[in-house]
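As written, the chain order gives the labels A, B, C and D, with residue 1 at the start of each chain.
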Amino acid sequence: MKRVYVNEKWCLACHLCEYYCAFANSGEKSMVKALKNLKINPRIHIEEKNGISFAVSCRHCEEPLCVKGCISGALSQKDGVILIDQNKCVGCYTCVLSCPYGAISPTETGVMQKCELCTTNASGTPACVKGCPNGAIVFEERGTV
Amino acid sequence: MKHIIIGNSAAGIGCVEGIRRLHPDDEIYLLSDEKYHTYSRPLISYLLEGKTDLERMKYRSDDFYEKNKVTFMPGERVVKINPATKKITTESGTRLSYDDLLCATGSSPFIPTTPGYESVQNAFTFSSLDDALALQEALTEESRVLIIGAGLIGLKCAEGIRDLCRKITVVDLANRVLSSILDEQTAPIIQKKLEENGIRFLPEDCVASYKNGEAHMKSGKVIPFDILVTCVGVRPNTELLKTAGAKTGKGIQIDDHSRTSLPNIYAAGDCTECLDISSGQQKVLALLPNAYKQGETAGINMAGGDHSFKDSIPMNAIGFFGLHMITAGTYEGSVLDKSENGNIKKLFYQDDLLKGFIMIGDVDKAGIYTALIREQIPLSSIDFDLIAQTPGLMAFSKKYRDETLGGVRYGY
Amino acid sequence: MKKEGEIRIPSGCAIAGVFAKDGKNINGGLIVRAMTTMHERSNGLGGGFAGYGIYPQYKDLYALHVFYDNMTARSECEKFIDEMFEIVNLSKIPIRKSPKITDEPLIWRYFVTPHQNKLADSQLDEKEYMVRCVIRINTKYTGSYVFSCGKNMGVFKAVGYPEDVGEFYRLDEYEGYSWTAHGRYPTNTPGWWGGAHPFSMLDYSIVHNGEISSYDANRRFIEMFGYKCTLLTDTEVITYIIDFLLRHEKLTLEETAAVIAAPFWDTIERKTPDEAARYKYLRNVFSSLLITGPFSILLGFEGGMMALNDRLKLRSMVVGEKGDMTYFASEECAIRMMEPNVDNLWSPRGGEPVIVRLNGGVNHGN
Amino acid sequence: MAIDFLYPEFEVVRDQSRCIACRVCERQCANEVHSYDEDLKLMVSDESRCVNCHRCVSLCPTRALKIIKSPHTFRENANWTQDAIQEVYRQANSGAVLLSSMGNPKQFPVYWDKILINASQVTNPSIDPLREPMETRVFLGKKPTNITRDQNGKIKTDLPPQLELELPILFSAMSYGSISYNAHESLARAAVEMGTYYNTGEGGLHKDFYKYGAHTIVQVASGRFGVHKDYLEQGAAIEIKMGQGAKPGIGGHLPGTKITGDVSATRMIPEGTDAISPAPHHDIYSIEDLRQLVYSLKEATEYKKPIIVKVAAVHNIAAIASGIARSGADIIAIDGFRGGTGAAPTRIRDNVGIPIELALASVDQRLREEGIRNEVSLIAGGSIRNSADVVKAIALGADAVYIATGALLALGCHLCRTCQTGKCNWGIATQRPDLVKRLNPDIGCRRLINLLTAWEHEIKEFMGGMGINSIESLKGNRLMLRGVGKKKKELSILGIAHAGE
């Protein structure tokens, strides 16, 4: 399946992926309306230090520890994409405990959010990929992880 | 092939999904002594708290059995397994044969023998949906609730019913709450949080006897109550297999393929004991993620695959009144305390490995520490100072990041 | 209006040819009749013919056909001819007056051979000497224009419809083994006799239907080699290119065709490595002589004839055979007029030359 | 600080109602124009640092930014223009030669824009490039004058060394050092992909790029930086750089700050030293000397590689080209006065040299008149901006064209013309690692390929329209061109008629 891959060689730490992610998942049509005067809470995060930077978001593991560990059944794997049903999530943080990449984080309401490859919003191609100016985040089919 | 699964919780469901990964058409019979569609046991406190409901707490969707072609037999308690004939018998007299069998019978609450307990009017345990519903039924706004045991179940129960009753007292033999997962330094933080929310904690005490709606404590204190919930612990349900001849310790003994000592019989979940790689000891790790993975492993192997699950560790994510904590592993070796700004972070390491951690408050990306324990990553191979400060992939080698984030395959 | 040489003049046209491989004589009247069927392809602004084997009695002499605007031009030019050549015979070319052909210039014919001492002094070979002399007349002698200069062949052309031009020049009185003909449909000329076709150089004569788009690329290249394109017509530049490739570079007819109507690169790449290398070499070395745009040409030369279409075949051309006779024309009707019962009739593919020679079989190209 | 009389040239206009303070502008501006004011909770800017490179504008996700020319003005003066005044101030401040980058921006005539291209109507069919083959392959180098045949009469197909191009466009010289590693990689990979060539410039060839050698033209310039036997042998052709359109008659100067790490190793000079290319080659003081260098290089590479001599278009270019054609060179590259540069003295750039259109036309004509046009191929460069310019250049007589500014634009250059500062926000004209990485060669290469592919399509459309299906029939085909609005003299130099004639 197509996955989001990150090539840190080309990451500029511009953080645009985070903003495009937050926007895509806001449900708003205007980025200004969606994000102005907000501290954004995106599903992708840049780690940066000493000139190295890269974006981290859900890897959509084939053996997803988060899904297997989810106590409520809110996390599931559909066609390889790991989805979260926020209606079922009770915010127990077992997924945070399980994810080896730190790719799941809480929303403001306490339930969890994670990258769903923009399959549940209007973006189409993942917004972080579309928004990356330097091809550091790509959406490709490369076999298994 | 015909598979029989006893148990309808995480391990049983994991087994169904494990089988279906390999064989879409094998026959599967799933028997449960409960009458419910599969639901999440840990969610019963959330149910009482109102954070979920009967519909949402279903562990899998309504069409789960149908979609997975599972013959679901609710309310069928299995009373006998005959490994020689590969047959089981249920309480209702139904007999079924199997090619492979999973025993995921779970655990049962342990109730200490205490004088006068039988006379208590409203005595409950708290591990099944029926328990929760019964407790809910009994609670009134005026109820004074006494919870025996300040472990995970007792405290979650306390949190769950906090707004449904007048007064909650939690008693524990230990000198602190959550004594199995928190140390003396960190437990008071949770205790404080509970007390802020009106839950009284009585440490180092136990009930000597129940009389007339009062608990007479060993310390001499007398606690009047309307409702009693006993949460001192659970015992693996091993009887069925033990009788059938399987090796058992505290729990049913299984290997990393979830195999028991009996041919074609697997076991998974709270009824088993397995190796905790963080401590190197056999333990009953009654944790949902563990149960699922053991069940799934059993399922794959029952379907003819070869799958092992060999990195079990104790781990817990739990929160009370918005204060979250995540713990994992064992608390051995040297301690690195990175607590700051009211957030607790204690890392325990030994022999170049992270052995365990306790985080309270900011638990962001805790899974990265879990991975260090689970995957036994040598700390010398990463920037431990950095990762201790901030969990992240930055502390790993570029090669690791290229593989995990970049999808780069080295060595091919 | 500007005449040929002052401005580039594109034109559409009709062409036809007939060739007897056994060398038997064909009466000029035949090719004239062929052209009548393609009347609509001309507009009366030019017609002409080339006949080979028509001067057997002077076959070793160069036959110069010259237009003069007036007597002054003639006397000036004749002085030069006299100076450079030994004139064996001179006369007016016989014509038949006709109301359809008007404003004719003085039309003279000279059978000549170079003065041997002049030729030796020039250090040129005889043909080059001829070419230089003819170009000199055509560029330096105002009012004089040599329109035919080969041996045992002659070009006859005028402003008018080709059938009228044939009548005018009394072609029914000539016999030859090879004839080509041209009817012109220029779109931008007042009609000048010199601008009519065929265009010839030594024994090469060209009739051409088309309008080449590579014109200036070809012209500016060929002019580096001593040619001077005075008429600014396609036919002129094609003639020079063929002269250059055949005479100067000593290419074969097939190789010449592979230059001017070169195969496409992907066609070349499909050939055997040896062949591909040669085709690639020719395209590469003579890249500026590739002719693009529509053309169908008939090249007449001593002892043979070659028909060639541009590589996309953007102009019609049909070939027919009957016994030792080969017929070429823009349209089949012209062939049927010459030989109603042809045996083979086909339309050669773009860029594939059809070559016929005396006593040789018809060459269908590659 | 003393008054410097200089006022910001641009204004950063930020629509605060759109700005979401994502701070991408701040992170991406190497000139440090943008910053976040924690107290005001607003993004603010220091426009005095702005060079108008549009990096921030391009990345701003809410399109909250634009850069406008400051309306701040001097009293209107057609003679003492704002530029003229400010240049005086600048020099009065610094006492130094003014430096600029990229090509001459002044208002000189652009002849390309006064030349129109022909198309077929009625008498001659246009050709549809989607249906018929349309060939753009070009060979650069000498063409033999005499055909030779073997004993069987077959033509011998040995040729002097040539370059074979799938389309008549090459990337012209830009040195590693003046532009970044990633820019070079983008150019090299695009050249390979498109069947053409890129050019090392005078900075040598990074070892990583030896693998693209078959599509590389290696340059030998007056500084001889990075020139050694392996280098010469790597290239498909060798270019002797005698001059550059942006700065005819003067040398080059790459400041020591850009001579870092690999750049220094590739140039074979110590880190941090200025790389100074002398104005002349000190072994070429005459055309005979050039001939010697041409043959030295041929000897060194066993006559296997064509030699290009690159000259700036100057007044007597036709005679110069004739001399070069007779020097043994296989290809002449002529660089017009609009050609770009990584750094040049402003006065030189803006006042020296002649337009490529005129230079090309006169050189082509001169070589034909001398009958030696086949001895050399001509590459025209110095502001070929689009496919129409390419078609016009070839119809005027070029065999191929060089593009560089256009290629840089494709890579993201916004022509802010401050390459000399080394702080290129687009990762092109810089050696700062954090800036260099902004140009991902995967993207750069793809954009270059896109550009050339698009031009190729357009060139084919032009050719088809003219009824030409192979590029060789376009070369020198000046009948396909007409001038508009130009004087007789100009048209006569261009060798084209006026429209309507």
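The rule is short, and it goes like this: contacts are C-beta pairs under 8 Å (C-beta built on N, C-alpha and C of every residue); 3 or more make two chains touch, one makes a residue touch a chain.
Bear in mind the structure is a predicted one, so any value in this text is a computation, not a measurement.
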Quick one: point me to the chain whose Cα centre is farthest from that of chain B. C
Middle chain, criterion being Cα centroid separation: D
When A-B and A-D are ranked by contacting C-beta pairs, first place goes to A-B
Between chain C and chain A, distance of the C-alpha-averaged centres to the nearest whole Å: 77
Using the average of all C-alpha atoms in each chain as its centre, how far is it in Å between chain A and chain B? 28
Rounded Å distance between chain B and chain C, as computed from the means of their C-alpha atoms: 101
Between chain A and chain D, what distance separates the C-alpha centroids? Give it in angstrom. 43
Quick one: which residues in chain D touch 2 or more of the other chains? none
Considering only which chains touch which, how would you classify the arrangement: line, ring, star, complete or other? line
Chain pairs that touch, all of them, please. A-B, A-D, C-D
Report the residues of chain A in contact with chain D in the complex, numbered from low to high. 9-10, 12-16, 19-20, 23, 31-32, 35-38, 51, 131, 133-136
Touching residues on chain D, where the partner in the complex is chain A: 17-20, 22-24, 27-28, 58-59, 61-62, 64, 433-434, 437-440, 442-443
Give every residue of chain A touching chain B within the complex, in rising order. 3, 5-8, 47-49, 52, 54-56, 59, 65, 68-69, 71-73, 87-88, 90-102, 104-105, 110, 140, 142, 145
Where on chain B is chain A touching in the complex? 10, 14, 40, 42-43, 46, 51-52, 56-60, 288-289, 292-293, 296, 315-319, 322, 324, 326, 328, 363-368, 370-371, 374-375, 386, 391-394, 398, 401-402, 404-407
Within the complex, which stretch of chain C touches chain D? 8, 10-12, 187, 210-218, 220-221, 223-225, 249-251, 255, 262, 264-266, 277-278, 280-288, 290-294, 311-312, 314
